[in-house]
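Shared chain: chain A. Partners: chain B in the first complex, chain C in the second.
Our next item is the complex of A and B:
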């Protein structure tokens, strides 16, 4: 398999290109794109590709970028876009539409701080804002994972049992602009993995309406269907992993990546690139005799609650690192998983790296040291306040 | 195309076999949009169509899931997204060599206000879309607030004493994009309207139709008087009926007689102009100024033909 030296932004666009081309025998590929730092390079790379039976529309706003994807997906094309931060906020209304119309749009979000204050660096606050919108959300930790997750995203989103849009999140600059060797499969292999798409409610020749008025009972029924489809996506992802492995000879990462967890007494839980840093910190801590382990939550929606509950069984010290803050509450990841830990466990929240702050292995070792002094969980700690 | 002056509203062999707008739709009595859809159905005939409707009264027209009152495949979009969603649909249709007309049907709020940037961008890209703005000069769906299409002097729920600002000139804006075809359509001149709809349906690239759409609920007028009100607006010069090719060739289609009597009747048949005290005399200078510009653009200094009843 050829190896390319590309950034994660380019890897995402290249993956989408291969996926788009794979639908050339279907209804083609249609994408609306609009630039925003740090996702710009992804759309630029896509705009430079020659894709058979495709159109990449350079629109005037993120709102319209998603609009084009909605129109494309509703008539059976494979669709992709990319954005970040305030762009995602501007796009939000149509993101909800894409989800509620059950259209398998795939989007890469280069996570960036919501402004103001204006800041272009990594922060998960943008994509987490869309937590409840009915999208699948995966957070990636390296270039290969971004490439692979984009391919898996099309397969999972287009699965008739799932049919929801899919957001692949990567830390802005920290990952989006990091150049690394990335294994890129041949088109014919991607063709096998991603057969031509079609959705059952596609607009064809028969008169029917998408997105109509519904009574409350109909809304509740559709929300239940959507919710259950998302909950079922975790199981479908396993079949996607199996098929991916069969075709590409490597297995895409698990929904939750456990690292040296079995005998760990202290567990560090995080999302995105902080998870990769945490694994390094774990190695160092182990050398120092501290029994630490790491859990990286890759799949945030649907939330893998059962998986996390069983992984956290017997773990009495849990540090949850959030690169986000729900103002007036605390870390969003912490809020979701604190109820899943062993009863009596210390589940302490550390808010670190927001606004793109650099989170190094040393910071994570400090967190573990701080956690050891606690006998009960307290209010979330904002790391900058500790300094 | 031998429909009588009555407006081609009668069934001919050229017509589609099923109505475009089905009975049981949720439009108010006397809604101009119902007339537009009736006329549009005649124009579409057996052509394949996909309809895109953003938030507006048209979204209500479609009715409750799972029934639809439109006889074509359609999608209801967010308020500012008609032209972008239509871009996606038209792109995929072209990729698959499908002879599909993608039609946006949007109100004045979705066209003049919230959807203007999306509309402008789609026009600039010359997307293969027919965009129809049914302009009832008010946010009807939300209960009647002012839009930038509301004429000066009209009372709305958000301008109870009458709007101060004059109506935005949307056709000039669209013509400035140099799109292949932009036109205004009068419901009182159905033969001209039908011709323009057919022309717009069979032109490729971005086409824009602006249609004055009576709204008895918002205009506080008699439902049965809708077409008559449009006729008075055309006759008095208030609603010019013209078309613009490629942004530079202007053709005036109906020559008004600029009758103050017609203008007075237009105002007095609607209660929305009462509070502001808008009269023929206050409106006339702006109408004259507009027509002066239109005549210069059309290259016709003298009237083409007299208005015919």
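Our next item is the complex of A and C:
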């Protein structure tokens, strides 16, 4: 399998390109794109690709970009777009539409701080804003994971049991612009992994409407279907992993990546690239005799609660690092996790790396040291001094 | 951090591309450069070279909002295990500095002694080794090599591909890997420079080994306390000075507007329009009267080449400059103050047409005594006797004449001049400026020319200025200039039942002002083009004309096609023929021993204090040209006579004119031109009232782009991303300490009143 030295932005676009070409025997590929730092490179790379039976439409706003994807997906095209930060906020209305219409749109979000104050660097506040929109959300830690997750996203989103849009999140710059070796499969392998898109409500020659007005009982039923489809996606993801491994000879990362967890007394939980740095910190802590382990939550929606509950069994010191803050509450990941820990465990929240703060192994070791002094959980700690 | 040996390179890789030496792993590399130098690509190239040797790599830039020239950093990590760390490099093992101007504590932060330091510098390795004795030092003048190999542009040399060669040498990396990377990235053209840098880098060992784990301490940059967002409303100027980062700086610069360049009279068009807009007609007149004694005249009869050149015509139509001049002339009672020269001189000006009036006016303004000799009973020359009243009413001419008289110019009327007269003036005055205008009108030279009813148009115009002379029947006017049009329209007002204009070329080629031709046609003048009279028919008085068809022949000296008279003729009845074929420029004034050089009279090798100005010298044939030439001749006469060092009459010289491409059209809303109002007349019969009523207001001045001249519109100030442009009493001040030299102000300036220059 050829190895390319490319950025995660390019990896995402390349993966989408291969997936798009794989639908050439179906209804082709469609994408609406609008640039925003740090996702622009992904969009530019995509625009430069030649994909047969495709339309990549350069529209005037993110709202329209998602509009193009909705239209494309509704006709059975494989659809992809990318955005970031306030661009995602502007896209939000149509994101809800894509999800509620159960259209398998795939989107890469280069996580960036919501402005103002203006800041172009990594922060999960943008994609987490869409937490409840009915999209699947995965957070990635390295270039290969971005590439693989985009491929898996199409397969999972288009699965008839799932049929929801899929958001792949990567830290802006820290991952989006970092260049590293990336294994890129051949088209024919991707073709095997991704059969032509087919959705049951695909628009054809006979006109029909999508998203009609509904009574409360109908809305509740549709919400329940959507909710259950998302909950079931975790199980479907395992079959996607199996298929991926069979075809590409490597297994895509788990929904939750556990690292040196078995005998760990202290667990560091995070999402995105901080999780990779945390593993490095764990190695150092282990050298120093600290029994630390790491849990990286890759799949955030559907939330893998059962999996996390079992992984956290018996862990009495849990540090949850959030690269986000739900204002007036605390870390969003922490909020979802704290009920899953062992009763009586210290589950302390550390808000770190927001606004693009550079979270280094040393910071994580400091967090572990600080956590050890606690006997009960306290209010979230906001680490302001990271630059 | 634990160091491992990288001897065991991954087995599956081509051994030819493997590492020769032993490098401590994991490896962290930091590249320092300036925005635009290619530092991020440099880090990527190094990563790619290591990747080729089978190692895992990670590389990324430290992205921010930096613009060209600002310091930027890029990082590369190398290991033989997959790299997990996802943060910046704080303790680099290898440091590359692409610009030695950046060398300082901020760049060296976190570097331990014994580390590799590769610097692009013109300094000698020895001198740098004295400064950095605790590093393994590599010094290369990569800029010179890259420039020699033509990488980048002459302004910005790109050195990243060059310096990687030196890095490969310092770390003993295989050049085969470098070659592979360059060819796979399409950079093969840069390989020769990399090889040269490989060969010529000077490498010096560590001189003063310091203890490991003794990195250079971070520079403590004080961070100001964070204000509450509700109070955090001032973020400019930034707290960081630009220092040496910027290489360019903007400044305010005046460029010449195309209208100013085009005006034959030398008017400061932008100056008077902006003065009108900002301070009203009196202020505008102050500007106008510096170059132009006849604004009431030019505001009516000028062909306005300024409007032809106006940049606004590329947006929504040229500014109606002529009528703005007219507007000012009718609303200002301004007299400029005369200067006090060191030596008062006496001048005689011959002729009181526009050139003579201009010369007399400017000489008087400069403080000298001037007597104008006019052969007619009243002043004005062609203005009085050549231009009909419906275009230039007498009172309008008098408004300008009265101002000139009030300034102190003396007029002697009924004073024709011959050779003896000129010699006498030469003897009596310090200087004489002859502005006698054109000579005799051209005859047509065909049979029947001396029949009654065939006359010179100029004579007819002069006569009809005295009293309206009734013409009956069909009037034929021959010619295509302004005199022809004036004759035709005057004839229409004097009883002619039909007026036909005969011109031997196309209507587009008529030298007359296009609007005048249009007006004539609107009033009922018939234009017959490609026709030429070849004979007049009649017994004592003319009753017909023989017209020949004219074919366009080969192009002549002026580029226009020469008219070829054919033998295809026909006869046309007529009652009067007015000839308007132009005038010669014969002076018939010079004593035999005189000659003219550069508008000055000479006798043998001696320059005489006699100059010639206006149509008798140039033959340009417009009032504006005559005014301009009259003024310039007056100034050059003063410069020639006046030996005092204070005498300086040079006109302002500009670097270049403002072209349409310099204008930011998007900054201007589309506003169609304000047109002149016209009197609607039921009959032109005996009606010599002025037809054009000019503008109804001065809003037209708002349309002026003010090309090349700052209007204090604040666009630069608004667009400056750093907020370092400040208003002052006289304009703007740019705080160069904080200006990044980004050039946005210059690009956004709507009117090219700024420029960038090298620092």
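Methods note: the second predicted complex is superposed on the first by the 382 of 387 C-alpha atoms of A that agree within 3 Å, B and C clash if a C-alpha of one lies under 4 Å from a C-alpha of the other, contacts with A are read in each partner's own complex, and residues count from 1 in each chain.
Here is the rule we go by: a residue touches a chain if its C-beta (ideal position, glycine included) is under 8 Å from a C-beta of that chain, and two chains touch if they have at least 3 such contacts.
Just so we're clear, the structure is a prediction, and the values are computed from it rather than from any experiment.
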Worksheet item: chain B versus chain C on the shared chain A, clash or fit?
Response: fit
Discussion item. Looking only at chain A, is it chain B or chain C that touches more of its residues?
Written reply: B
Item to complete: Could you tell me if A:243 is touching chain B, chain C, both of them or neither one (first, second, both, neither)?
Response: neither
Worksheet item: Regarding the shared-chain residue A:276, is it in contact with chain B (first), chain C (second), both, or neither?
Response: second
Discussion item. I'd like to know which partner A:377 touches here: chain B for first, chain C for second, both or neither.
Written reply: neither
Discussion item. Looking at A:120, would you say it contacts chain B, chain C, both, or neither? Reply first, second, both or neither.
Written reply: second
Item to complete: For A:360, select first, second, both or neither according to whether it touches chain B, chain C, the two together, or no partner.
Response: second
Fill in: chain C, chain A and chain B - angle at the middle CA centre, rounded to the nearest 10 degrees
60
Item to complete: Have a look at where A:49 lands relative to chain B and chain C in the superposition and call it first, second, both or neither.
Response: neither
Practice prompt. Please work out whether A:178 is in contact with chain B alone, chain C alone, both, or neither, and reply first, second, both or neither.
Written response: second
Worksheet item: Rounded to a whole Å, what is the shortest Cα gap between chain B and chain C in the overlaid structures?
Response: 14
Practice prompt. Please give the residue numbers of chain A that touch chain B in the complex, ascending.
Written response: 27-28, 30, 32, 53-55, 57, 59-61, 63-77, 79, 93-94, 97, 101, 203-215, 218
Item to complete: Would you pull the chain C residues touching chain A in the complex into a rising list?
Response: 2, 44, 47-48, 51, 56-61, 63-65, 82-88, 90, 229, 232
Discussion item. Could you list, by residue number, the parts of chain B that touch chain A in their complex?
Written reply: 48, 50, 52, 59-60, 62-66, 68, 70-78, 80-81, 83-96, 117-118, 120-121, 125
Discussion item. Residue numbers of chain A touching chain C in their complex, please.
Written reply: 5, 38, 117, 120-121, 141-142, 171, 173-175, 177-181, 273-274, 276-277, 279-280, 287, 358-361
